[in-house]
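Notes follow the structure.
Going by the order they are written in, the chains are A, B, C and D; count residues from 1 in each one.
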Amino acid sequence: MILFVETLIGGLLAGTMYSLVAIGFVLIFKASGVFNYSQGALLLFSALALVTFLEMGLSFWPAVLVTMVVMVILSIIIERVVLRPLANRNVMTLFMATLGLTYVIEGAAQGLMGSEVRLLDIGLEDNALFWGDILISEFDLIVACGAAVLVIALAIFFSKTRIGISLRAVADDAAAAQSIGININRIWQIVWAVAAVVGLISGMVWGARQGVAFSLSLVVLKALPVLIIGGFTSIMGAIVGGLLIGAGEALAETYLGPLVGGGITPWFAYVLALAFLFIRPVGLFGEYKVERV
Amino acid sequence: MSKHFTSIAAAVAIAASSIMSTGVALADGMTQYVPLFVYRTGPYASSGSLWFAGERDYFTYINEVEGGVNGVKFAIEEFETEYNPDRAVEAYERSKGGKDGSPTAFIMTHSTPATYALMDRAREDKIPLFDPAGGPSESKNGLVFPYVFPLLLTFYGQGSVAVNFIAEEFGGFENLKGKKIVTVYHDSGYGRASQPVMTKLAEKYGFIDVQIPVAHPGSEQTAIWRQVRAEKPDYVVLRTWGVMTPVGIKTAKRFGIDTTRMLGDVWAGSRADMIPAGDAAIGYNAIAPYPGGSDFDVHAKLKEHVIDKGLSNLENSDADFGAVFYNVGVVNAALAVEGMRIAMEKFGNRPLTGEEMLWGLENMTIDAARLEELGMTGLLQELKVTPQDHEGGGAARVQEWTGNGWNLVSDWIAVDDSVVDPLIEAKAAEYAAEQGITPRVVD
Amino acid sequence: MNTGSDTTKPSQPLLSVDGVEVVYDEHILGVADISVTVNPGEIVAILGANGAGKSTTLKAISGIAQTERAKITKGSIRFKGDQINGIAPHKLAKRNIVHVLEGRRVFSHLTVEENLKAGSFLRRPARREMERRIEEIYDWLPRLRDKRKTLAGLTSGGEQQMLAIGRALLTQPELVLLDEPSMGLAPIIVQEIFEIVSRLNRENGVSFLVAEQNIHVSLAHAHRGYVIANGHAVLSGSASELAAREDLHEFYLGLQEEDPSETRQKA
Amino acid sequence: MNSVGAKPTPDLNAIGQAGSGRGTQSWAFLALLAALVLVPLITTEYVTQVVVLPVLVLGLAGLGLNILTGYAGQISLGSGGFMAVGAYAAYVLAIHGGITFFPLTLLLAGVIAGLVGWVFGLPSIRIKGFYVMVTSLAAQFFFEWLFLKFPWFYNYGDVPTISLPPMGLFGLDINGSYVIKYYFTLAFVVALTWMASNLIKSHVGRNWMAIRDMDTAAGVIGIDSKKYKALAFTISAFYLGIAGALWGFIFLGTTSVGSFQIDRSFQILFIIIIGGMSSIRGNYIGAAFIFLLPLVIDYFAKTFIGDTVSPGVLSNFQKFLFGALIIIFLIKEPDGIDKLLRQLMGRVRRWGRKRA
């Protein structure tokens, strides 16, 4: 029983790390309908930039700030050079463009900042905490709290600020938003920038965990089943989806893995997501609406 | 719009025609063409870029300081494969015919999957494949696999060395009885490759062999290490690769597993694996057919003639000079150079063909005196390669991570051939039967 | 309501659309030849059957057409004398043209009040000022006040239409392009909406260009009107003239049959 | 297009096709076929075996995906997985089933892949769009795992890389010479392409397109969309499976999961988007473009900037350039190279007529 509870809690906490990646994805999909495969590459780019600035001698917070500025600039470039010319194209084309973008960002990131693995110290220790007999990762716990803060911050941003309300307006109806004077290109830039900053935060967390190198980019593959479960358009869904995937994966690896020879994590999340699709085809928090793809 | 694409089409045509016409003018007849299959992008770039830098730096040293191998200089051409065997096949076909009049004498595959993909072609084309400390273990048998060279230490050998070292830690083989050794492995061919040996050794010494897989890329391993902890292991062996190693070490630490009782294999023991693990990695051990460190004599030479002259291929020579993967590259290049030197004794001082190189490699002996001359004492084991034995050495040292570098904690530990060789022979025979190969007969 | 526009015609019309052709996706003809003028202070109706090209005309004016892969291939559109073809919709909103799209298109996941706020952001008012302006809209459209905290998607059709208009008014327009405000609404609601439009026009001097299928109610409130069919403007005149024409209805209905619908894509 | 009125009113009927030109087309097709037949005779082993042959196989895989995505409107990122099913099925049939007459092995492998495709197509009955796409990712990762995990699939080797057994073809070893390999592949690819093109012209193809264009409406007009979607998944996987087996047995001469990872799925998707959705020819054009582009970039990079930057930067620059070209392509030519060629041919024809 202790093993079960420990696995469950550990999985839930680890799941928030998936949620973080998925949130960046949801932001962009919601606001512009773009299935942004390059979220993982953005994560890599931001973490690499941060490490590079740290190596150049900046102290932690200034480096984070400078990286944010870089990511915002990058987002603006992406919007102008890639998305704007592709506005109103079908969603497949946009998805493909983000695949191309993934190569571009990965190539640029590693070409400019090097491909060796680097240590990223964000000041969090990966110690074990004990709650009774149950072992909990301090790192995961802090990250989960951080994710909660981020979600609250985003919720406030979206419900209280002018930009946030405009963002939601664009997500609801881009044409109507334009007709009342909202500049959707600017909104897209902002969304990408916010997603990139979320990417930076997830990049910091994942980078601290596994070192900063190319494999950060693969984290995106973990986010996709999260989205299926949570729905493509809901931040709450991304959180819940991440928790479910995290817990499901951990339990499966512990209880199901030994039966089939282990190593099932890459697909288990997808199969779990599939099962959810059968029950609710638009995800837990997604909305039914006619999709034309 | 269409103008743009006609120009692309034209470019395609030009490039295609120039690719077709390989082998143009003969430069001076005294360069040896070396195609280098690299992965400087993609998931394994972090190890690869150091590895290839080591190779290129050594070739640069030979070219610049020694004026080539007996006057034959190396002409290197890189082919990016992203660790993808399909792209290695493409690169192989592009480069197997040589260039500028020089034949291709050998190919360093730099990846076990690529070695597998190229094995049959290389046999056909008579080009030796270099895959030190990699490749199929059974290719140690050069009679069945004439053109594959898993030099230094096969995957099977790695398992054997690991157990020998662990026995030493416990104070002798007799103390292995009843102990539990958990191997956490990359769920791939590479990760599983040592399993047959571990099974055999477990029978022989009476320890319990537990194998736990981690799926690629392994960036989240909480569930894995919870399992490991539940096993209460006496020793943990890591057969991991890439990001899986630091995440594994960190997670292990969190679960209270003593990282000084962990032994990584060759590909889980480089600086790049330790740095992201931070303090958790202090005291971690790794098998090293190529130890890390820049205190070997050869490093002094490289430092003086390559690094300090700004000729190095390293992007960050302060941090990475002497890193394990850099040394892998240096050793691999040195082995190729030695093979060529020996072949030239028979065939003359000129660029060599693959077949000639094969003779050189199969007659390669590197003894203590030669190691001294090369400046590689302690970095490279003594080797004697024969047509029957393409491994040549079969030993490794063990190094311990101190937090900012590797500290060698053992001398060369030899493979237990009595366990490993029968396995290799059986596998090789199986392969020969499946492929309809008659093993060579060599006098 | 017979303030014949001809008598008070100012030197310059507010909006003049001249011989406009719109092509979707480079191949599909939206409208072929449309000319429309709106003078300051007027309510002008564009009448026509479903698919005649009314929406496309309004979208061409507001710039929305070009965000839907359409292009104005011929003709010109002038607002207060300046050529505005090809200007992005959000910039036109800044230049005081606002478009209330067909089908209301409220932001359904935003509350009624957030919808109104979204409309007011364009002029960047301070918070107090914004609240005051929104209160003003509630005075015009009192039904909305009771629903201010409700998600717009959950309000009734009539409320949504009012919300869409209120939201548009908060951009402080001189010209409102109003597309099919009557669509799918009960007659009594339609009546209410048009009365509000008339009052806004009278009391605040906002001009309206209204696309409608509903001839009676729109001509009752408009000053002038145009009838379009097959992407061409076929009739025009003052509202009373048009309303008096015996053949208007036939005209309007008769055209519907000629409409080769597959060549005409409603966006 | 500018607004000056010289141009007549745009074509009101559905558009874009530059005349029918059936004669020219079949003429061009025969010329192309003749050129393909001549490849081994007039070019080098390298070009035949490592340029043209893989392009043919990838084109066939593109065709498989195009049936599903271009014609039936279902997005998939599982192409690599289904290719793997084909390759491993062929291997298992040969090793465990003793079927070494290669054409038969290949067809059976295709059939097995088709059945697997049918199973993985089942969820598409309930879900749509990107959700289907992520379903296909489940297939992709599941197969990557499956073929790694169970040594039966690689004949209990230590390493899950298959060394392919000798395969027969009327008494010849298929791997005996690259010329045999090439002609065998060409014959197979041409036959399968011909079959696909007939299928698409039949009522099956029309129903697929009806489902693609209007899923709900297709149901209304009496098309059993479940049945036809399932059929599309099956046939698509059949083609992908055969392509996978050809890739392993003929092109690589070995197979590992590494050949059929998610990158492969992306590559196949690039092929159909760049070549042209819903176009048979487009698959081969796209395959040529996507396969050759890295080689061309590599060539130019080495020739022009090779010595000035470090190899690491060069490799990454090539990757950057590949991505950038994809994006430029998508922006400039959304309908793929096939459309471009059609327009070009139309222009040539009009020009020819003018001169005549």
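Points to keep in mind about this one:
Please note the rule applied: a contact is a pair of C-beta atoms (placed from the backbone, for glycine too) under 8 Å apart; a residue touches a chain by one contact, two chains touch by 3 or more.
Everything quoted here is computed from the prediction, not taken from an experiment.
Under the contact definition, chain C and chain D share the contacting chains A. Distances between chain centres, each the mean of the C-alpha atoms, put C farthest from chain A.
A count of C-beta contacts for the chain pairs A-C and B-D puts B-D on top. The centroid of the Cα atoms in chain A and the matching centroid in chain C are 41 Å apart.
Between chain B and chain C, the centres computed from C-alpha atoms are 72 Å apart. Separation between the centroids of chain B and chain D, computed from CA atoms only, is 35 Å. Between the CA-based centres of chain A and chain D the separation comes to 31 Å, rounded to the whole angstrom. Each of the following residues of chain D touches two or more other chains: 145, 148-149, 312, 315-316, 318-319.
Touching of two or more other chains is recorded for residues 40-41, 45, 49, 187, 215, 315 of chain B. Residue positions 106-107, 110, 114-115, 261, 263-264, 266 of chain A are each in touch with at least two other chains. Only residues 69, 73, 75, 123, 126-131, 133-135, 137-138, 141-142, 144-145, 148-150, 216, 262, 266, 269-270, 273, 312-313, 315-327, 330-331, 334 of chain D touch chain A when the two sit together in their complex.
Interface of chain B with chain D (complex): residues 1-2, 4-5, 11-12, 15-16, 18-20, 22, 38, 40-41, 45, 49, 52, 77-80, 84-86, 89-90, 93-94, 97, 112-113, 116-117, 119-121, 136-138, 155, 187-190, 192-193, 195-196, 215, 313, 315, 427, 431, 434-436. Within the complex formed with chain A, the residues of chain B that make contact are 40-46, 48-50, 187, 212-217, 219-220, 222-224, 226-227, 230, 242-243, 246-247, 250-251, 253-256, 272-273, 275-278, 280, 315-316, 320. Chain A makes touch with chain D in their complex at residues 35, 81-82, 85-86, 89, 91-93, 96-97, 99-108, 110-111, 114-115, 221, 224-225, 227-228, 232, 260-261, 263-264, 266-267, 270-271, 273-274, 277-278, 281-283, 290-293.
Those residues of chain C lying in contact with chain A across their complex are 62-64, 67-69, 88-90, 93-94, 98-101, 105-110, 114-115, 117-119, 121-122, 164, 167-168, 170-171.
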